[in-house]
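Several structures are given next for inspection.
Presented sequentially are two complexes of chain A, the first with chain B as partner and the second with chain C.
Coming up: the complex of A and B.
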């Protein structure tokens, strides 16, 4: 009993930290989502309007496009590209060929550079690279006759999403690759030797020995990348400002536009709560996986 | 003993000095968002010399986030003492309780040649007469063009109609390869196309928001008329006379436009005067032996443009309202405009008449005579940034072919109607 009191006493600071640092802002946002709080009337506060913001949100035809952009383009395509490229790069860096020519270190270092680049700098650099007038990509394509007129990559509807995905991938791929590389290096050598003795070729070893070993880290990376991408504001906003028109508008940029351009803080809070609810589902999956894995390790 | 006494005297002296300094020193913060921070710092240094008890910290924030940042800060008792704001924000910021009521300060200390001498004073005060900011600068858009390129294309007179400007742009493209009117057509929340569309609509006598004699607001434009403006600008992109790359350009003073004009890739833009100053300065630096090829003129169809501008407000949370007002009085004096804030028109009629003007900038003076205030747009119930976003986003959707002009026009019309 005495021990329990002591443990409770030790937990008090953490309890207050969680309540005031995490729970209070979330509940405050939830409260705001039921009001008509306006940016221009912050001092006055908002009036209680019940579920009106949520109803407005779900009947707004623009919400379908914003939701599609966020889930399909930004998250699904963005994460899939990163995971596939990350795996391929990890295999390449871990390959015997690179080791033979002593290029492994060079590849690893060159991966650190984009990783260490802040997202705002990454977008600015890529905007310059993709610029229709002075950008390296357009100049090269025109020079070699691949295109006759420069392409406005960040405002042409056929190219704008692939361009945004390219920028995000460039900046975030290194972490995925290095995580997979660490997992790849932890594959027991005796397992690979046994597979070789049993007659497995390189492809079979990769599919039947290495990949199953990497599954936990792949799943964790998928979930983590989903968290980071779904809520991301900076890449889309800095690259396209959610345009052309509202073509690349995603939920995070819509929250900003509704709160700080239209001044509808209450509506924006409702949108934030919807985003948080979607992410909670992924959070529960993640936590269940981690808890399950930890229990397995203990028992 | 003697040493101890000496030490005590020194310590007492130091403490008194620190105490006096603390009492005498007022630390103001001034958030100034334009380029030219170095020049403004020099102006503030001079102010500090003239007012030994006041120190001024210079802050900066991007214009794109200035409004919401200040509103957030003011709501929780924070923010700079003196704030640099767009003139169309003042009324809503004052309404939000973020700005200090300056009436008493003006009454006590006076300002410039009197309140009546200030341009856009209506936007600095509320309907009940509460003054929430002091107009600082005014500007408007004028057409800036390269005389040499227009001459090469065989154009001797700058077009005076919208159709004429379109035809001239085609002619320039065909004969010189340069772009005629380079129109920034990007659709971010502070896009330029909002201004160009309004110029087109206003020159035809239409307006998104207007006010009746009884004080009520109404829409003075039909969806078809909104669509006409959208179609006009879309035609530049469709025919390739405004390059698709302009869909990337949102700002009226974007580096792409400045560089394009300096290099001669573009021959016409519509922009405020400070951008022309930057273009001329870059041209002079790059081609010191060439004569200035730039000129400015009014928009087609003697189009009305808006009197834009900046104002200076005092944060409602300030503890040094008197000192803040002293700083504003200093910043609105002539030497600041001539020595430190060049290229800006003062928002005072008397000072405008006194300031010298460069020949290539003549168009700005002519355009200012035609310009109107945002008037009902600003005093009406829909915040300008909200309409700006609707129009800019809608135009973007039309330009990329995602929606038709009439679809977007109906959306804009319905949104405004609903809010009015």
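Coming up: the complex of A and C.
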């Protein structure tokens, strides 16, 4: 069999999915974003309205909130918390003290538990832990007199974002931590010894030797966490239903609400295209910085 | 000494924070409804599980299991073949095609819902598990290809090139040489995909409306919404949802963490 034919056959399965599940939906949304297609008048179809949806989008105060929620709260704060905690936890797990008491392995295994807990279960159990009536957190805080009245963490506007971030962090921290831990362990011993000989203390070694060595894996985790969090629908939808009101509405939930509750499918498509465009920018950074570097030979 | 105590104490608090929520699911699932939130005493029982399965939860476990299993198999098939070609062959538009699959990792899945809903409706695939299987394969494909290409890069080319020189038919090279040596990478990819599909909520919400076709995450959440006061049963349902992924990940933890982190640690 000729090599070209062989290559062609092997690419059919992936090609099928790329065309039908990536290309087609993107083009479909792109087209619809220029129409006034409505869910309740699907048969009638949409009329071409040019850039009206995009203009509406950028003057809509709700979009400004949704955009702020998605980029600042969900993505920036969410990813930063995960990366910083992941780094600290990796350093802790790899510390001399934990090694001395042989706790490193136990800790590593324990990280599998939140990782293997399906996100739906994570949300359900955390909603219970944070529940104002029966939740462990409120019970403890009230018992020790830190607060007098229980707090409805997931419907109180001061606490709802930190609570959502807590749930996502708990569920996604393991992968980040284990990646950092692997990177931490791959620091050449000679490098650390040399630094010690030069009189560097623990903190100096961490900042000037270990962290620079970990930069590539930190960048990968920042980018991947960004994709996974920015696009995520389930955490916010299940934790708060975008509420209270639409206080925690993010782009993914807004696309859903606009299309299936308000029926404004054209507008929803425009929003989806904005999302995809933002992610494409990050995706190109990812391709250039990570994929190209890690998989050099194939290019 | 004080330093050590501080470190150990911090570690203990974090350790509890890490395992407590899931541990609680399992403990609470065996507590009777009346004593579930009591710290002083508790009665342990299987009632929550019995009631859960009597209410017909078994069918959702079955649905989820077979959808995820078939989807994982197709994902592995599609990504192994693609990974082999990307790693070993040169062809036109290779970089563009590989780049677009990789960009798939950044794809906002929410924008797939409307076009697919309409397409599936036309094809009669709504309320049909075929639509779920297709979507799940599509979602897990980009990262699977990335993982497997990365894994294949660590396998010496001489191995399959020698076989090709010896006149071994190309399809047999994949099946008899590439596939067996890739088993560790395939296990990691399969575990990653399974977890992703097993927890998937959005597509199930959009494409499955008939109760008996629903998957576990969908039903667990619906159950949670309807039975907010019956925490015992909700916890039993959560435990049942968590057991398969936990059983998959715990024995494979070393392999999975090494496999998933390998790509990003390489320097």
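Keep in mind that, in the parts below, the second predicted complex is superposed on the first by the 268 of 299 C-alpha atoms of A that agree within 3 Å, B and C clash if a C-alpha of one lies under 4 Å from a C-alpha of the other, contacts with A are read in each partner's own complex, and residues count from 1 in each chain.
As a working rule, a contact is a pair of C-beta atoms (placed from the backbone, for glycine too) under 8 Å apart; a residue touches a chain by one contact, two chains touch by 3 or more.
Bear in mind the structure is a predicted one, so any value in this text is a computation, not a measurement.
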In the superposed arrangement, which partner chain does A:207 touch: chain B (first), chain C (second), both, or neither?
neither
After lining up the shared chain so the two structures overlap, which partner does A:117 touch, if you call chain B first and chain C second: first, second, both or neither?
second
Which partner does A:58 contact after superposing on A: first (chain B), second (chain C), both, neither?
neither
Between chain B (first) and chain C (second), which does A:231 come into contact with in this model arrangement: first, second, both, or neither?
second
Taking the superposition on A as described, I'd like to know which of chain B and chain C A:68 touches: first, second, both or neither.
neither
Which chain makes contact with more of the residues of chain A, chain B or else chain C?
C
Dual-contact residues of chain A (chain B, chain C) 42, 259
As the complex stands, chain A meets chain B at residues 39-44, 131-133, 149-152, 154-157, 241-247, 257, 259-263
Can you list the residues on chain B that touch chain A in the complex?
65, 67-68, 71-72, 75, 92-93, 95-98, 186-189, 243-245, 247-248, 250, 256, 259-260, 265, 383, 385-386, 389, 393-403
Taking the complex as given, what residues does chain A use to touch chain C?
1, 3-4, 6-7, 10-11, 13-18, 20-22, 24-26, 28-29, 32, 42, 89, 92, 95, 97-98, 100-101, 103, 106-122, 124-129, 134, 136, 139, 170, 173, 175, 178-179, 181-183, 186, 213, 216-217, 220-221, 224, 227, 230-231, 233-234, 237-238, 251-252, 255-256, 259, 265, 268-269, 272-273, 275-276, 279-280, 282-284, 286-287, 290-291, 294-295, 297-299
Where on chain C is chain A touching in the complex?
3-4, 7-8, 10-11, 14-15, 17-19, 21-25, 37, 74, 77-79, 81-82, 84-87, 89, 91, 94-95, 97-116, 118-119, 134-135, 137-138, 141, 145-146, 149-150, 153, 169-171, 174, 195, 198-199, 201-202, 216-217, 220-221, 224, 231, 234-235, 238, 241-242, 245-246, 248-250, 253, 256-258, 260-267
